[in-house]
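Down below are the structures I want you to see.
Below, chain A partners chain B and then partners chain C, in two separate complexes.
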Partner chain A sequence: MKRASSLLLPQLLFFGLAVSAQTISPMIVECGKKCRGEFSITNNGLTPLAVTVEARSFSLDTLGRATNRPLDPAVDLKLEEGSARISPKGTHTFAYQLKCADPSCSVVLLSSMVVGHTAEGILVRVQLAHTIYACEKQKDCRKKVRAAAGGKVE
Partner chain B sequence: MKTLKKVGFVVAALALSLLSIPQSKAQTTSNAAAVSMTFAVNSSLTVAATPGSIVFTSTAPNTATASSAITVVTSWNLATGGGNVFTVAYFASISAALTNGIVNIPTSEVFASINGGSAAACTLANVNVAAANPGAICPQIFGGIGVAAQGTHSDTLLLSLTSATAFPASTSSYAGAITISAQAT
Partner chain C sequence: MLRVCLCVLLLGVPVSAQVLQLSAGRSTLLGGTGGEITAFFPESALSASAGFANGHFVLGASDTFKFHGLEITAGDKTFGYSFDGAGLGVTTRGLFVQRKARHNTFVVFVGSTGIGYATPFMVTAEDQHIGAGFFLQRQFANGLLLSSLAMIDGGKHTVVQGLSYQGHNHRLAGSGGLLQNQKYFSGEADYQPIHGLSFSATHNDYFLADHLTANSLSAFAALGRVTLQASVLDGRYKMTKTTGASAGSSLRLSSITARSSFYESNHRILLVHVVQENLHRWTFSGIVNQTLGQTSYAFGGGYRGNKISVSLDHSVLFFPIGAKGFQQTTTVQVSLRIHDATLNFQTNVDPMMHVQYTTYASSYVQGPLSGPAMISYSHSTGGKFVIAGAVVDERGQPMEGAAIQLQGGAVVYSDSQGKFFARVKHDKPSALVVLLSEFAAPGRWAVISCPMDAVPGTEVLIRLRREIAP
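Right, the complex of A and B next:
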């Protein structure tokens, strides 16, 4: 019993107190009707990290808040990888190609990652967004989309 | 012997003449070479959530509190100020925030208190973000509108369980996952 508890304690400390700190870069990009892009996820932690990526279309409200939905039919997105395993302190780059058949497309690539596991209680998962604004012309695409949503444009 | 002396004299004279060349003539000049430097810094967003998991302890047959609050630190580095950064928490399923495989605890029985505020059920549908599952979203953790180019915000998320009836006893534990999601727009 003593031995079992001595083995359990380090596990609880390792997984239970593990800091799930991850970084995405860049977080916002603008592009034309067709573009290639990439983003990186950095695992700032000390344990390997499994990352899965999913794509969503989104709309903005006047405050700039996004409401996500399944990918619009006008969006043709090719993600080179849908998942990866990132070593401690490592960085992984995900590449994609995007074609937008509408005047503008707002797409978010969501990278979800989790550290450790739990058989009891709640596991904390971190999700970071790579936001893509695609327009006829790349320049000021984000401003145009935000203005079209009635939001303040800086 | 005389010839040898002569040769020695000539060699010595040549050596001396070499030494007498002004130093300025040995110097060379070169054009200043310009070295261009570039340093690209991409925008970035970092979220740290601690601890990585929590457990619940019953305080009554129909209530339970989390072992600790989850500290969520959102950090960003934008190209310019004025952007928006949002951090929210949500569950993947409305009907089963936690489950023991047979009995489910829905999101209507999971309450979240942000930064010590009053607890509200994780049943929101109209809070921004990500893959957010309408009806399974907790009160917003952080909403930065028109933020400075660089910044960090620390918040706490304390979860608790409250049901109208007692939680069914179970030989296996209830488990689930909460997603802390951050997006800049």
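Right, the complex of A and C next:
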């Protein structure tokens, strides 16, 4: 018993805080002018997680780098939920409906969460992106958007 | 005496743990009834399990912690690894040392082996033999993956070597050696000449009460909305040979998929036609079976939500044991989430074609060292009416991470623009409460102004003030 206690004590004293990675799936989707989709956030940690979701339009430069901006008027996005509390080891699915009035729309849904929350400060702020490419036709929509931006298409 | 010490230690430790996980359940498939408590510390976890298996009381415990880049487990754990068609799972009690790097995995075990029960809700072991083992896996840059497994389990010896190669359009894998004193060989080859067309061949040996051999050849093609597949299977068990063949095609039109499959085994032909429709979170399927001149109908489906998932699935599986060949099976799965607790129920069909079930519940409890834990509330359940608003500080700047509770218990958080919204089912005012203790934002806050309630279709404004720490 004494030996077991002496083994336990160093663990309590010396180990730091473990921050588990959070995951999003899928990261990128392609769809037509009207689509209904969803993405899931998994809380791999052991404490509950508050997640907020914000929508942004974005444009790409020739190197494929994205610049976010407020949602374009041509995008009609209906999010089912704007935030959620995800249980430890739980997964939450956010559903949405999107209508695009332009020939193509590039939208990113940014999920923000705080890992390691304390009353005194934020330890880590994580932002995960779910990217939606909407075109007249779903097939190769991402390639078309990248090509229109002058980027290299694989 | 050791068990008493372990119990005292493990019951005392949860008081200071950051998070506790409590699980309990029963499984006819895995053969046990019991529960487990796990106490999580920043970089270690202590577990204790107790229950009944085959009428005997069983007890288990383990401590997992990190030490100089190694993950060390002292106690009960399953020594289980599978690669390239080979697999071994032995219940052990002893010391595990594991090192995982990007391209390497190395595990060493020393202790005892015996009968054990590894379930999602209980892990226990009973000492029977002296045991030791190691597992090594290395990924090379040229696509080669080398795996080595060795174990002494009392009088049973295992030495298995596996090698796989992942090429541009093909994969070759094989393993062989001694698996618990029995000669063993497994091979697999996959070839994908073009996108949407693939071929596969496998050979496997299984060691049940007798030697079982199974071989298969299969091909798959996808042409736009149409898929085609065909396979030939062959199994031998207790001098009885069972053969089977299958072919099928599917067509996908929008959210509807139609699939027809042909199965032949032991001179018996089975035709299965399935129409499946996916509507948002719902799945519906209709199944028509034709065999021996008889036609039967079945329906399946499921719902997948954030709080509940239910599915009823119908499938055709190949059972080489008892010369049963292709058989129809139905499985049911229910998963329910209430706050931080999950309840699961699942049926499975074992290789002897018996229906088995597993049901268990698991929950997390936040301990005193885990920081300001968020209490459990439900969220927006959907609806066509929207309650929306904004949260700002005393300077009018948007505030992110503020928690607002609506009538009915739903809690929403403000985003980086300070905005929040929730969908509600009824067009009537909903009471608002600012939950200061649930903020994801740092600091201490006080409410300057907050409307008593919010009306769907109008935006409310909540003003907060940052409190200076004393």
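We adopt the following convention: the second predicted complex is superposed on the first by the 129 of 154 C-alpha atoms of A that agree within 3 Å, B and C clash if a C-alpha of one lies under 4 Å from a C-alpha of the other, contacts with A are read in each partner's own complex, and residues count from 1 in each chain.
Everything below uses one rule, namely that contacts are C-beta pairs under 8 Å (C-beta built on N, C-alpha and C of every residue); 3 or more make two chains touch, one makes a residue touch a chain.
Since this is a predicted model, take the numbers as computed values, not measurements.
Within the superposed three-chain model, A:26 lies in touch with chain B and out of touch with chain C [touch as defined at top]. Of the two partner chains, chain C is the only one that A:84 touches; chain B does not reach it. In the superposed pair of complexes, A:109 makes contact with neither chain B nor chain C. Once chain A of one complex is fitted onto chain A of the other, the partner contacts of A:100 are absent, as it touches neither chain B nor chain C. In the superposed model, A:132 makes contact with neither chain B nor chain C.
When both complexes are overlaid on chain A, the residue A:141 reaches neither chain B nor chain C. Of the two partner chains, neither chain B nor chain C is touched by A:75.
By the touch criterion defined above, A:41 lies against neither chain B nor chain C after alignment on the C-alpha atoms of chain A.
Common to the chain B and chain C contact sets on chain A are residues 15-18, 54, 112, 114, 116, 118-122. Chain contact summary for the complex, chain A toward chain B: residues 15-28, 44, 54, 56, 60-61, 63-68, 108, 110, 112, 114-116, 118-129, 131, 146, 152, 154. Those residues of chain B that touch chain A in the complex are listed here as 42-56, 66-67, 70, 73, 76, 78, 80-84, 86, 97-98, 127-132, 143, 145-146, 159, 173-185. Those residues of chain A that touch chain C in the complex are listed here as 1, 4-5, 8, 11-12, 15-18, 36, 46-48, 50-54, 80-85, 87-90, 92-93, 95, 112-114, 116-122. Within the complex formed with chain A, the chain C residues making contact are 5-6, 8-9, 13, 16, 18-19, 21, 40-44, 65-66, 280-281, 304-306, 337, 339-340, 342, 364, 366, 370-374, 376-377, 379-380, 382, 400-401, 403, 411-417, 419-423, 438, 440-444.
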